[in-house]
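After this come two complexes, each holding subunit A, first together with subunit B and then together with subunit C.
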Partner chain A sequence: MKRSTPYFLLFPALLFTIVVLVYPLLQNLHNSLRRVSLIRGMGDWSGLLNYERVFQDSLFWLAFQNTVLYASVGTMLALGVGLAFALLLNMKIGRITNIMGFLYTVPWVISPVVAGFAWKWLLNDNFGIINHWLISLSIVTEGITWLGDPTTALLCVIVARVWQFYPFAMVMFLAGLQAIPEEQYEAAAVDGASTARKFIHITLPNLRSVAIVLLLLGVIWSFNDFNMVFVMTRGGPIHASMVLPVLVREFSFVQFDLGKGSALSMLIFGTLIVLSVIYLRVVSKRGPA
Partner chain B sequence: MRHVPKTLLLTALLSLCCGGPRNGVELQLWNFGGTPKMIEWVRARADSFNASHAMVRVVQSQKSWNMIRELLYANLGAGTGPDVMNVHANYAAEFGGAGFFYPLNTFHDFQEVKSWFEPHMLESTRYGDNYYGLPCSAIAFTLICNKAMFDAAGIAPPRTWSEFRRAAKLLTRDSDGDGTIDQWGLVLLGGDRGGFSYRFAPFLYRAGMNILSDDLRRVEFNTPVGIQALQLFVDMHQVDHSITPGFLAYQHSEINDLFCSNKVAMCIEGPWFRSLVEQKSAGKEFYTVPVPVPDNLLDQYDTLPTLQDMVMYAINGNTKHPHEAWELVKYFRSCEADMFWITEELGAVATTTAALHCPQAALKENLSIYIHELKHARPWPPHPGIISIANNVITPWCQKAIVGEISAEVAMRAAAAEAQEIIDRGP
Partner chain C sequence: MKRYITALALVVVAALVFLPILWTFATSLKPLPEVNAYPPRWTSPNMSLHPYVDMFFYLPFTTYTINSLLVAFCATVLTLLIGSLAGFAFARFEFPGKRFFLLIFLLSQMLPGASVIVPLFQLMSTVGLYNTLLGLILIHTAILLPFVIWLLYGFFSGIPREVEDAALIDGCSRVAALRRVLLPLALPGLGGTALFAFLGSWNEFFFALILTESDTTRTIPVGIGLFVGEFTDVWNQMSAAAILFSIPPLVLFLMMRQTFVKGLVAGAVK
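Take a look at the complex of A and B:
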């Protein structure tokens, strides 16, 4: 084999990476440092002005706060729900375990756009099934305007996010649970440990590294999640559920300020790089399971 | 001799691979939005143009109306895009002013073509001294009243703001007696920022106000009357609770669902609403009346303007084939073509004088009210920043006031300051 053969074979993949990843990234960085408008084209060099404009925009801080909430609360709750279901499935109650295992993973395989539309209709204030149930059970007297109220809109998209992410957490936790040596539980039983103590002192420490990986992945994926929020609320009402990825669209394709949109996407990219580095370090420390 | 078949095959393959127009010009036509019937008509019209123009081939592409600005900005800004497209008439200022649309008045027969159209409709396509499109599908915003609900309450459609507020309050009730409100007087399109401003602006115009000054340099919607217009909605939402509580999340489909299921009595819509209602609830009746006016202007009820909106067929300023594109635009907007807007229910009004005054037009339901409203209606001011002002400034500030986050006065003052900044910044 010639020395150049591997490079030759790698060339298509390398070219693809350059075209779809490296070039857009560099172009975006370039745009973020200039005055760019789709209608006026590429303008003057503006240094860090676009970044300054992003930080001066109150909408950015609202979106940042919402994104942190969406990513952290959404992921934590999804981890909690995922762990609960994983524990349930790990009990192996006959054949029903397999059926429930399949059902629990359904949200994971549904497209976020389809799921977003489904949630939008479930939460519809007049025709939604959730309000119908709440009224039927006399929990509320009139329909709640879930997505039309600035105080509840973000909560709704967080719930939808939890619903979508928990199956992944469940599968990962289930794998973690099944890897815990049975001897540890047997030894604890001999010492007279209760179920709760076994859970706190054996199960949770053994799942620690899985939880950290899930937390990081959940935060990373939530941080750049556009679909669910856009389909359900478009960042509204009155920006109440605005998150950073939707704000990039707002700056770039609603206000047509490409420079500002590019600057914001570079900031999101930087944040995600930091989170990814932490994730990779955690994973490499964990080593092979 | 042996190579002849190979050469022939190669030539045939090459000609197939090259594709494109054979012996002529290829025109790209982008059709944004439209009802299924309209889309079908555009296709048939393009085919008919191809059949009658041997040297030109129209390649039609259907695009989403929701993506219109993004697609136009991205393509026209890059010097590409279609040769001919249907767009909002108020893009004449934004895109025409930037040189992205071809000035149609430079064609030698423009004066003759101009005479096809109702003058006030053609004016909406003008920016500065140039006309950037031929009108199509005119729209006037009106008040739609649910006939079943109004008749059951024994009231007539409102004409003044007080009547409007009273009617909405009266029609907000617990219809099934379970102790909760399940029927509202008014629904607003709050989940679509453009849609909201298009429903609020008619109230400003009907109050005799301007959005911008005549020279387009000063914001004028923050007058006491403008604040009163916003206060009307604030009171209806905050005091009377006669606007559907979840309106901030509503898109067109929710408005239609609520109206067809008799959960709301009024909405502010245009001529397209008939076909939407027909799809969901065939035969449902409603009153189409002008948007109410302030009480003290009742004597001008018939002449105060509402908001006019319109589509126009425009030509790309960078097209390589302006004359062929012009022929196509004329073919799509001729009086004969415009008759389709009279014979079919397309959700918009014809724009040529011949079509609007033909005998069939007199038989078309509600057409007379739209013709009347369009005679006085005004479009958004022809300023390049007006769409941004309407969608990104007026809507969020007014919505904040309606839901009670700030007062109407503060909202209008803040919106005016932001809008003035956009105007001062220039295109």
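Take a look at the complex of A and C:
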């Protein structure tokens, strides 16, 4: 066996990774430090000017705030829903539990684009079923323009995101629940503990490490998520639901300001690196689940 | 009693969870005047499968479907070929730089699409692959590779080296050992990985959206994602497209539920 064999085997994969991922990342860093536009092409070095321009843009701060909300609130809600469903499934009342367990996982399998599309139609101001129900129940007199109203748009996208992400939390929590040794509950029962106390003192502490992993992963994924917001609102109305990945597209391909787009995407990259390092440290300490 | 309350809760939750899907499905069967009628209704006597046929003729979904199938198929084959070589190298060899290369693949999996998209757009334009299916196939291959290598590395490592050694002692060449012994054993793993890769490409939206610009090269998710502003108001045909598009992922999920759930946990590195 020649010593060079493994390198030959790795070569095609490395080639792809370098050309499509590593080189563009470096080029992106390069772009972010120059005056550059899709129309005028590459210009001079400009130091951190592009980054300054990003920071001076109020749209960036709005998108930043929205992204933090989307990632944190969305992830925590998804974890809550996932845990509730996992507890429900863990009651194990026969065959129906298995079937439901399967059905509850379906939103995770559906493509994000379809998920966004379905929610958008559900929330349609005139012909969506949600508004129709609200009007029938006399909660509102006129259909709410859910996605057309700056105050509700982001909220609706978060709801759709929770719908898509909770199954992942549910599956992980369910695995966590089933790994809790039965003896702990039996011992607590002997001591006369109530169901609520068992939940607080046995169930929750046992799920702690799963929850931390889920929280970090959820934040990383949502922080990076382009699809749901783009499909449902494109960041509108009037940028009210703009998030950072969508803003990169806005800067680069709508405003044709590649310098600003590159600078912003480097900022996203930096944030994700920090989050990922935290995640990897947590995971390698505790094991993957 | 408690049993029935739990069962009831399970069913109510399922109805809530399926609300968006059921509403889309109901819409996909209705004729257009009833879709745009108030009050909206769940059913109608005029429900039919017409929207499922019409979308292929009135909307460009014939082209989109061919494009999606072609891209996902080619990207899967390419990823598996290249990925199994790399996975094999990681599983069977000790060599300087192994940890470094593993790290590169691990990190490239975490790379946000937004941080490479602008230079990729420039690169693809320069080499003439912007707005081509070939370009999209190559991009999808690259973004699927890290995860596929990771999975295959695991599968190959799980096959005891002794099996191969025994074949070598019996007079097989190294290549024959790989082909006759290792590959058949790894086949279930390869199959599962292929399904993941196919789904990854089938569902991919971000790169497909930005690196294509005409109906001849768009894939189904791009067609659905760009719906508003392009094909306004044909919600029934678009719903039909969304439902049809979701069938392959759902079928694969049904077939491979166990692997899928394991993959969820393994994919947690992404």
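Going forward, the second predicted complex is superposed on the first by the 287 of 289 C-alpha atoms of A that agree within 3 Å, B and C clash if a C-alpha of one lies under 4 Å from a C-alpha of the other, contacts with A are read in each partner's own complex, and residues count from 1 in each chain.
Methods note: a contact is a pair of C-beta atoms (placed from the backbone, for glycine too) under 8 Å apart; a residue touches a chain by one contact, two chains touch by 3 or more.
Keep in mind the model is a prediction, meaning the values are calculated, not measured.
Asks: With the two structures laid over each other on chain A, which partner does A:L137 touch: subunit B (first), subunit C (second), both, or neither?
Replies: Neither partner.
Asks: With both complexes overlaid on chain A, does A:A196 touch subunit B (first), subunit C (second), both or neither?
Replies: After superposition on chain A, A:A196 lies in contact with neither partner.
Asks: Now for A:F256: first (subunit B), second (subunit C), both, or neither, which partner does it touch?
Replies: First partner only, subunit B.
Asks: Compare subunit B and subunit C by how many residues of subunit A each one touches, and report the one with more.
Replies: C
Asks: After lining up the shared chain so the two structures overlap, which partner does A:D125 touch, if you call subunit B first and subunit C second: first, second, both or neither?
Replies: first
Asks: Looking at A:H239 after the superposition, I want to know if it touches subunit B, subunit C, both of them or none. Which is it: first, second, both, neither?
Replies: first
Asks: Does subunit B (first) or subunit C (second) touch A:P150, or do both, or does neither?
Replies: It touches subunit B, and subunit C stays clear.
Asks: Of the residues on subunit A, which ones does subunit B touch that subunit C also touches?
Replies: Correct list for subunit A: 124, 126-127, 253.
Asks: Provide the residue numbers of subunit C that touch subunit A in the complex, in ascending order.
Replies: It comes out as residues 3, 6-7, 9-11, 13-14, 17-21, 23-24, 27, 35-40, 42, 81-83, 85-86, 88-89, 93, 95, 98, 101, 104-105, 107-108, 110-123, 138-139, 141-143, 145-146, 149, 174, 202-203, 205-206, 209-210, 221, 224-225, 227-228, 235, 238-239, 242, 245-246, 249-250, 253-254, 257, 260-261, 264-266, 268-270.
Asks: State the interface residues of subunit A toward subunit B in the complex, per the touch definition above.
Replies: Going through subunit A, the ones touching subunit B are 38-41, 124-127, 135, 141-143, 145-150, 153, 233-234, 236-239, 253-256.
Asks: Of all residues in subunit A, which touch subunit C in the complex?
Replies: Residues 1, 3, 5-7, 9-10, 12-14, 16-17, 19-25, 27-28, 31, 85, 88-89, 91, 93, 96-97, 100, 102-122, 124, 126-129, 132, 136, 163, 168, 171-172, 175, 213, 217, 220-221, 224, 226-227, 230-231, 244-245, 248-249, 252-253, 258, 261-262, 265-266, 268-269, 272-273, 276, 283, 288-289.
Asks: List the residues on subunit B that touch subunit A in their complex, please.
Replies: The contact residues of subunit B facing subunit A are 69-70, 73-74, 77, 94-95, 98, 100, 179-181, 190-191, 244-250, 254, 257-258, 263, 388, 391-392, 396, 399-400, 403, 405, 427.
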